[in-house]
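Got a structure for you, written out below as structure tokens; questions coming shortly.
In this document, chain identifiers A, B and C correspond to the written order of the chains, with residue numbering beginning at 1 in each.
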Amino acid sequence: MRKTLNEMAAILNGKVVGDGLVVVERIRGIDEAGQGDLAFIANPQYRKKLETTNASAILVSPGTESTGKNLLVVPDPYVALGQALALFYPEETESAGISKNAFIEEGAVVSKEATIYPGVYIGRGARIERGVVLYPGVFVGRDAVIDERSVLYPNVTVYRRCIIGKRVVLHAGVVVGADGFGFAGPGEKNMKIPQVGIVQIDDDVEVGANTTIDRGTLSKTWIQRGVKIDNLVQIGHNVIIGEKSVIVAQVGIAGSAGLGKSCIIGGQAGLGGHIIIGDHVMVGGQSGVHEDVPPGQVVSGTLHMPHRNWLKVQACLPRLPEMRKTITSLEERIEKLEKRTEDK
Amino acid sequence: MRKTLNEMAAILNGKVVGDGLVVVERIRGIDEAGQGDLAFIANPQYRKKLETTNASAILVSPGTESTGKNLLVVPDPYVALGQALALFYPEETESAGISKNAFIEEGAVVSKEATIYPGVYIGRGARIERGVVLYPGVFVGRDAVIDERSVLYPNVTVYRRCIIGKRVVLHAGVVVGADGFGFAGPGEKNMKIPQVGIVQIDDDVEVGANTTIDRGTLSKTWIQRGVKIDNLVQIGHNVIIGEKSVIVAQVGIAGSAGLGKSCIIGGQAGLGGHIIIGDHVMVGGQSGVHEDVPPGQVVSGTLHMPHRNWLKVQACLPRLPEMRKTITSLEERIEKLEKRTEDK
Amino acid sequence: MRKTLNEMAAILNGKVVGDGLVVVERIRGIDEAGQGDLAFIANPQYRKKLETTNASAILVSPGTESTGKNLLVVPDPYVALGQALALFYPEETESAGISKNAFIEEGAVVSKEATIYPGVYIGRGARIERGVVLYPGVFVGRDAVIDERSVLYPNVTVYRRCIIGKRVVLHAGVVVGADGFGFAGPGEKNMKIPQVGIVQIDDDVEVGANTTIDRGTLSKTWIQRGVKIDNLVQIGHNVIIGEKSVIVAQVGIAGSAGLGKSCIIGGQAGLGGHIIIGDHVMVGGQSGVHEDVPPGQVVSGTLHMPHRNWLKVQACLPRLPEMRKTITSLEERIEKLEKRTEDK
């Protein structure tokens, strides 16, 4: 792929500052970029790199000062980067076909327009729609559904009866539909509660490597349309995650929690069971949330408090030892004062 | 399955309030339940749903006030739910058989009454007992043992010589017996300490998806009878977990820690290496425990303190900035006072 | 293997205290050891076990007091243990060979001196060098490279174009090269940024079970020579980890963070995106680090402060409720004092 900067400006809806006839052939990071490379600066803290980069052109946001380089000013350089990457590095198309070394139980329905690699296992009653790609080691349990154009990377497991929507991406090692963690009399009887529900994943969801999503106890664990989940996330039984929410790596969401739309949950945060998180809530990384959170709030910390408050608490913590000393000395001084005034 | 409420009462050892002749055919959640459905209320906070549910009957605990609905009062509704689910939705029985597309090394012993799916690999010297189910992608290393009626879901890996007891369930992606993390001179030499021990998992243990249990350095990492482990848990080398303990998702237990019986470790907690946790200890979610804990204690927090204390600390934390201001103002007021009294 | 203690002393460069002619045949833990066993004490807190052990001989560090047992005094008993284990329990050699039940795309290059188990999948353009062992269920994507003598345990996934060096060990379920978590307009547009970079893992790296290492957005995620990573660790796109660093279980490292050489990151810690951690930095378990850390520092806590300070903060936390009460009482007393002095 070879494009002039002017051509890129037309595609990305941007404005050229500098030489619009310079040709870009690749997209590379600002540090590595050289002749023929289009680079980008999405984070203002990296703007100083504009002075030293050897890139032929750089995607920047409005208001970036020129430094004699060829700039392509776009509303959002990160979005433009995504578009440019999709253009320069289109996904490899797989030649559709069902490997004769895949294991397909009788009574499974597999579209001829699906790509099924060797070593895939598909249980009876399962339905695999057209355009689906199942990589080696994928297991699709009985009566499960994988809808159009979804991609399941190697060694993904989908338990029986779970439903995967259209254009869903499950990265390697994802487990969908293992039993929820339900035991009556925990620590004593540990009596297993059969988990007879399912997982439903709606269209355009992406799930990161080795993430686990447990099946519902009775009904469904439900990941709604457009949700993006990172690696090594744990999602308990009966959880509902609202449309377009974003769950960063290693988050744990306990059973029966409900998240609204467009929430962002920071890495390693833990959400307690049975709580309701409103739409557009942001939870800071490593936070622990154990109560309902109203829509639109930003919460952080091990206890759940407004993010601004948490920042202040954070600032206090290192001064705690000093505060303790001060309190002791205040006590002593007051005692003296009290004695003195009493004496009189 | 169709049962009258009276029949269910006989099975679940409960007492009917309302119409004992009503028929239930399914078990569903209180919100979704309708005609023919048996629902349940285990958590008192959901009791108000009794008024609005359309369920034909509801499992409730003693002392629940009637609202004109058909109730089945049982000692523990969650236990009764488990029993009812096992009755209404019995596990699908697998037709025993060893797939000719499984890879079984010479010298492995596999019971004819085991179910071995295609794509399973069993190393020489391994022993697979009757009633075992090995799903596709399961790997059983050399000289490992899988005892009667255990179920290994897809893509489980059991390294060489590890021992899995009876009726054990390993969910998809579990790794048993990878090398413990032992390096002499960490950060400098990083000299590997060979991990020549094993993992032993006793009867009736269940392990959640993508959990990892490392082999012992010299002897064994030991998960005792009836332990239940959730998803994405890390268990280090030489750890011992006592009978019936319950480990919630994403917990990490460092090497050579020892847990007693009937402990409950909350989600995302971290237990330090070489510590001893007594019987019946409860550790709060996201806690970090770095010292021995005597039997019966409930501990929480990043440092380890009694849970009640931790709750009080939690309550103080948000007020820390305010406390700091107060201290400063106290200081100023005292200084004034001191001057005043000195002046006289 | 049978060795006299004198022979072991020669091999391990140690000094015998006691009977140099005693024979050791096995290596076992100090508690289990008996006749014919060599045990070890690496941690001084276990020295009292010297009195009660039945081991024929014990590896100890200089300055250990004799108790009439046969001791082998070595500079570092843990290092000596590693050497002794490697001697007594050499790794089983695999008979090289490429299973005809492996799936190898045309255009992949596989050394005849590699060991390829059944059920392995190797994409076209991939290169597998001599001495490599690929266990069942391993997936090697197109154009990926696995260099000499690396071992990939069962169900490891290496995505397309990733590069694995020499003598690398990837434990079961590791995922190398899944897409980094890059979405423009998170929570709203969630526009996927194609991840077209790779993962490069240099020589002598070991990666624990079910750990995930994401591919770079444009260039590479880079794990340098001799790094050791534990289980269930998450490493984001574009991260660089310097030589010999050690990453303990369940750590999360966000995108574009850079770690120096010989760092040690404690279990469950979280490192924020785009930060720079200097050489020889130690981060305490469960810490959250969100700012750059200069070389050689030891940091701990949810906020990032010097470790010593954190220890003091930790000591204060349990006294926070008491501190709050004291402040209130101080206020009352001061008010009284102020009134009293005003009255005069």
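What to note about this one:
By definition in this document, a contact is a pair of C-beta atoms (placed from the backbone, for glycine too) under 8 Å apart; a residue touches a chain by one contact, two chains touch by 3 or more.
Computed from a predicted structure; not experimentally measured.
Chain contacts here are complete: no pair of chains fails to touch. Judged by shared residue numbers over all numbers used at their interface, chain B and chain C contact each other through mostly different positions, with under half in common.
Separating the CA-averaged centres of chain B and chain C is a span of 25 Å. Across the assembly, chain B contributes 119, 137, 155, 173, 210, 232, 250, 268, 302, 317, 320, 323, 327, 330, 334, 337, 341, 344 as residues in contact with two or more other chains.
In the complex of the two chains, the chain C residues touching chain B come out as 27-29, 32, 43, 45, 76, 78-79, 81-82, 85-86, 89, 91-92, 101, 117-119, 135-137, 153-155, 169, 171-173, 206, 208-210, 226, 228, 230-232, 244-246, 248-250, 262-264, 267-268, 280, 285-286, 302, 314, 317-318, 320-321, 323-324, 327, 330-331, 334, 337-338, 341, 344. Chain B contributes residues 103, 119, 121, 137, 139, 142, 155, 157, 159, 173, 175, 178-179, 181-194, 196, 210, 212, 214, 217-219, 232, 234, 236, 250, 252, 254, 268, 270, 272, 274, 288, 301-303, 305, 309, 312-313, 315-317, 319-320, 323, 326-327, 330, 333-334, 337, 340-341, 344 to its touches with chain C in the complex.
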